[in-house]
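Following: one structure in structure tokens, then a few remarks.
Chain IDs A, B, C, D, E and F follow the sequence of writing; residue 1 opens each chain.
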Amino acid sequence: MKFAIMINEGPYTHQAADSAYLFARAVLAKGHEVTRVFFYHDGVNNATRLTVPPADDRHIVNRWSELAKAHDLDLVVCIAAAQRRGLMDENEAKRQGKDANNIAPGFRISGLGQLVEAGIQSDRLVVFGD
Amino acid sequence: MKFAIMINEGPYTHQAADSAYLFARAVLAKGHEVTRVFFYHDGVNNATRLTVPPADDRHIVNRWSELAKAHDLDLVVCIAAAQRRGLMDENEAKRQGKDANNIAPGFRISGLGQLVEAGIQSDRLVVFGD
Amino acid sequence: MLHIINKSPFENNSLASCLRVAGAAKDHAILFIEDGVYGATQGTAVEKSVRDAMANMAVYALNPDLEARGVQGRVMNGVKLVDYDGFVDLVAEHDNVQSWL
Amino acid sequence: MLHIINKSPFENNSLASCLRVAGAAKDHAILFIEDGVYGATQGTAVEKSVRDAMANMAVYALNPDLEARGVQGRVMNGVKLVDYDGFVDLVAEHDNVQSWL
Amino acid sequence: MSEEMDMDEGGTVKKFMFVNRKAPYGTIYALEGLEVVLISAAFDQDVSLAFLDDGVYELVKGQNTKAVEMKNFSSTYRALEGYDIEKLYVERESLEVRGLNEDDLLVDVQVLSAAEMGEMMAAQDVVISF
Amino acid sequence: MSEEMDMDEGGTVKKFMFVNRKAPYGTIYALEGLEVVLISAAFDQDVSLAFLDDGVYELVKGQNTKAVEMKNFSSTYRALEGYDIEKLYVERESLEVRGLNEDDLLVDVQVLSAAEMGEMMAAQDVVISF
């Protein structure tokens, strides 16, 4: 079965970011497909490569990057939500005249249409938020 | 009178970031002093210079930078909270081996002791959060 | 003590908890801000609890937040409206302040 | 339809709203996750409303979240415990799903 | 994106419901939720909006955000008709508890009982909540 | 920082209360709140902690976060005594509504009525809530 996942909250602050990850891992372990993980609202903050969590804690961002690599996941960060919150990739930084970018490996920035498309193309869409 | 302000939520997502700013401006306009603005929890996300809000919307980060410049405000971002969420200045980026930093002008990163100190040294500490 | 309530009383227990803890005491005041301002409007399911508290304590609401939400015309009698300047004055006038997050 | 509740019923109105809208209908189920799992515990002020709903609908709770909070021994009778695998199964088995954020 | 999608999906039409349960301005969910709704119009799906709990406050007439310096997005609800989004459902008890009635709202809506709202939700393919 | 501060403040002792009203793990407020409490111990202030509403859940015995892969920080409450933080107040009704009693908690606390808690709060100089 095809699952799409939407994440509306940032890492560490809300458990939503953890629940979504553990859910995605279980979906894959059961042989289902994760068609897309869409990061919206503060969820875009899961995609920064500048996090440095305490050494004895989970690394929420790296966990996603690794899961994406292992299972060829499509991790999509909403561009409008990302712009409001200071998440950008190299292209976007260039376009906006910013001197830095902060997106982590395995994530891509795209439009809100990708969420609706995921809803159309998947059997289930599960929202994790606050 | 001396006011300290604590901000616990990020820009745009929660009105706390707006309320705190408008409150700080009113404190200054009335001739009081703002001893320190302390950014904690997701509040640290107010300090990124990579935000690009819609053209017809307020720029929450720049507003703080400008207020700080005009009134010599002490805008302090909690380092532990910042590390979890991917906020860092140049020094911290070097120390952590990161290839980018994202802190905005007028903000500085420091420890939680600065919050307690602000509570001791100010007549009032007002918390804005979710 | 000034108690700041920034959550809708229909979604969240902040107002109810604040009234339970401070509602029967003197020298406490409430200021509604952000989504909390809905607690200052009339004809709602929480109106009575706020009215009861007003017998003991002063109740204020931040007018800019009422206006943003289109409910400035619905404020119950006895609630005093303040702008951000008045918010600052309230914090200054009370010995201490607590935000019910 | 599977309804996911992730908020404490003592802090937030999500559970109450879900039960109001879906509680009297058949073919609805509830899954408590995150802080929502407190709604599955016994001896609380919301226990009765959850018990009433259980007459019509299946009620599940995510065991990892119960354990994290130290309340796995307090779950009321009739609530079925699932892990993340079971969570996935529940989503797959129901035609649609709604998160009450 | 719309044309591209129409081809991609080959005429799949799903029932999408966007569930609004949060007040405007206190948090960004209402505003960013509306942005998803507008995008969804490009995908020719069967879209409806549900307003319950504090979500009914999103539709209250006379919003004026000048003094809080935020964007007033309430007029966008009036524009939804132009996007062929015409199914706006409001739960009756949510209005009553807040001392509101239909005349207080800035758009025409269909008022449903709690049970009717539950049936409407159960009939959807995709439910996105903010 | 502690020594530096002791000199700076020249013996000012204020009554600080940290108010905990949120459940653990669902959000980070309890954990990051505790981090502030620990730092405050270095400033030789009159520190107390209030637990009410879902904050009482922070103190429940037997927390085990293995399956959610988060840090279990509950043992830190037991360590507070070592920092000379011994004033832990819990509101009675918050326990009762949740079916809890003192025996369910992992530290010794003083249980207060709602009115007593209100008086305790009113007697503070600085109240920090999360």
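Here is the rule we go by: a residue touches a chain if its C-beta (ideal position, glycine included) is under 8 Å from a C-beta of that chain, and two chains touch if they have at least 3 such contacts.
Given the structure is predicted, the values throughout are model-derived calculations rather than measurements.
Touch-path distance (fewest steps) from subunit B to subunit E is 1.
In summary, the chains found to touch both subunit D and subunit F are A, C.
Here D-E and A-F were compared by C-beta pairs in contact; the pair with more is D-E. In whole angstrom, the spacing between the mean C-alpha positions of subunit A and subunit D is 26. Each chain gets a centre from the mean of its Cα atoms; for subunit A and subunit C, those two points are 38 Å apart.
Within subunit F, residues 21, 25-29, 53, 68, 70, 125-127, 129-130 each touch two or more of the remaining chains.
Residues of subunit D in contact with at least two other chains: 6, 10-11, 13, 34-35, 64, 83, 96-97, 99, 101. Residue numbers of subunit B whose C-beta contacts span two or more other chains: 8, 12-13, 15, 22, 41, 54, 80, 84, 125, 127, 129-130.
A complete list of chain pairs in contact reads A-B, A-D, A-E, A-F, B-C, B-E, B-F, C-D, C-E, C-F, D-E, D-F. Interface of subunit F with subunit B (complex): residues 1-2, 5, 8-9, 12, 14, 16, 28-29, 32, 35-36, 39-40, 42-43, 45, 125-130. Note for the complex: subunit B touches subunit A at residues 10-13, 41-42, 45, 48-54, 61, 80, 83-88, 93, 96, 98, 100-102. Every residue of subunit C that touches subunit F in the complex is listed here, in rising order: 1, 13-14, 17, 20-22, 24-25, 27-28, 96-101.
Residue ranges on subunit D touching subunit C, taken from their complex, read 10-13. Within the complex formed with subunit E, the subunit B residues making contact are 12-15, 18, 22, 54, 56-58, 130.
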